[in-house]
Amino acid sequence: MKLQDLTVSKWLGTTDDFSLNDLQGRIVLVHAFQMLCPGCVLHGVPQAQKVFEIFKQEKVAVLGLHTVFEHHEAMGEISLKAFLHEFRVKFPVGIDEPTKNSQIPKTMSHFQLQGTPSWLIFDQNGELRANIFGQMQDLILGAEISRLLYSTDSEPSSIYKTPTERKQK
Amino acid sequence: MKLQDLTVSKWLGTTDDFSLNDLQGRIVLVHAFQMLCPGCVLHGVPQAQKVFEIFKQEKVAVLGLHTVFEHHEAMGEISLKAFLHEFRVKFPVGIDEPTKNSQIPKTMSHFQLQGTPSWLIFDQNGELRANIFGQMQDLILGAEISRLLYSTDSEPSSIYKTPTERKQK
Amino acid sequence: MKLQDLTVSKWLGTTDDFSLNDLQGRIVLVHAFQMLCPGCVLHGVPQAQKVFEIFKQEKVAVLGLHTVFEHHEAMGEISLKAFLHEFRVKFPVGIDEPTKNSQIPKTMSHFQLQGTPSWLIFDQNGELRANIFGQMQDLILGAEISRLLYSTDSEPSSIYKTPTERKQK
Amino acid sequence: MKLQDLTVSKWLGTTDDFSLNDLQGRIVLVHAFQMLCPGCVLHGVPQAQKVFEIFKQEKVAVLGLHTVFEHHEAMGEISLKAFLHEFRVKFPVGIDEPTKNSQIPKTMSHFQLQGTPSWLIFDQNGELRANIFGQMQDLILGAEISRLLYSTDSEPSSIYKTPTERKQK
């Protein structure tokens, strides 16, 4: 799956002529969130903001994706804009395009996201390299960014302990 | 400078025959701390412990280095052992060898550490690649680990925003 | 000023026949917030929830007051309901009644609230005893609750150090 | 039991002529800790420091009590002094007097403390009013301070929900 598969009805917090093609050659981290999901507001969005503040934009791009799959009326564009303003979100945020016959918006469905928060990580060629649901530790997120920056062909990382190894000691 | 330049009077939390040579081929993170330094106790040691828990030991080794340069009588071996036990430190900790005519122990002096906490990061060949004083964010620590794992010849990283770039937006 | 001066267009999270008269004889803490105010979401509302969980309801009542004075369209009733559901707010929340010719709702105007978050604390007779803007430390909030519970006629508290005294040592 | 029952071999962080009699007429909070107990270092001691910074000293006195019952050699007076210096503890700390035939020091034994951290709270007459083992929430600690300040004859507080009531909703 590809970065180009993101289906967004509108981009906020960027210029009108913004296009995903502009991100060619960069690692792209997409934080899929809902503005009323506590795990997103308390953990995921601040983490995405930290990544945006730390890494050079010409190497690592951060995007938000507002994937509303519940309380649709409560989290419309006007509410989202106010949220992004008040929480000082500086990276571009796309609205995941709604579908007519389903609660689930298009990108969420395409990438089979399990909920929010989720992280989608694409490499410099726009290929999906990770699709992670739930909280991710900063140490691992940082390590994954660097892995893709320095190793364009590495496999899903084998540098982490398995759950069993973690318990052993 | 080299991993072999660590001068340790005694290793705790490991086997008697432990040698730095055992770490050949791994990234080695050395957390230099003092057991009564608040920044170490509250931030650095727990961070080192997290690295130890997350990354495979055959790829990434974590060592503590007890670099006592003040309150020497207060932080002797017996006190250190109790600290490591109570705070459940699981990685090996070496005692930086004291010098006769100075407050500063040998390894601290050799690597010109500015204080505690400090991080020394060595690559798979035992070459010093980073020497950082103060707190380091998890995102950056994770990114640095991965950089050395996947890129044996990369330069000190140019993937981070400069302080000026950080302020701009 | 009195608890009865709260002007609320609708109560959420309580029974239809809920009335402020029901709270006679209790300390009442009113947390004035906006659902998109970071200081409220990250600090104030969780603190109000903790008070609600710790103190007996027949002694200490906790109310939320949604005092929207900006982004009115973004924080309507539907959005608020979703927020209260997702953030598991268990205490009753009243919507501060909007005014026609001003951004400032009625209760906010009446009590001259400076913004959100704010705390209004009423004693057992429904008299306003504190009106505090911004974050309040848990130690002080707990002390103020107890002061009103045990001393119906005490003056605004003189048990705290002044800012000058705090700096002295 | 009485404040006068504190048996201290030496007071640190105060004047040589300091006496418990000086505290007559004040609430006295005694934080019993060990300098190598993580719950004390990470939670209890900073909480005691906050109480010391917030409340007027002529109303509320804060004392530390170093109750060493394990690792005695590791937590001697020299180590304790360095700890208090490095962690910027500003309130007086007494060393609980060791006993000859037991690991448990005298005050710990007298008040039957279950471990560290513990809180002993004495009223204005020096009477013990609370003996609490483990972490205490700031809201409750603040409420207990105020209860004793404003109600010299109140019973152990009935203002808190019982564990059952907490679960109900």
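First chain written, first letter: the chains are A, B, C and D, and each begins at residue 1.
One rule holds for everything that comes next: a contact is a pair of C-beta atoms (placed from the backbone, for glycine too) under 8 Å apart; a residue touches a chain by one contact, two chains touch by 3 or more.
Because the structure is a prediction, the values reported are computed rather than measured.
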_Relative to chain D, chain with the most remote C-alpha centre_ = A
*Could you state the distance in Å from the CA-based centre of chain B to that of chain C?*
47
_Distance between chain centroids, defined by C-alpha means - chain A, chain B (Å)_ = 32
_Centroid spacing, where centroids are CA-atom means, of chain A and chain C in whole angstrom_ = 35
*Junction residues of chain D - those touching two or more other chains*: none
*Chain touch graph shape: choose line, ring, star, complete or other and state it.*
ring
*Return all touching chain pairs.*
A-B, A-C, B-D, C-D
*Can you check the complex and tell me which residues of chain C touch chain A?*
36-38, 41-42, 71, 73-75, 78-79, 81-83, 85-87
*What part of chain D is in contact with chain C in the complex they form?*
50-51, 53-57, 59-60, 90, 137-147, 149-151, 154, 158-161, 165-166, 169
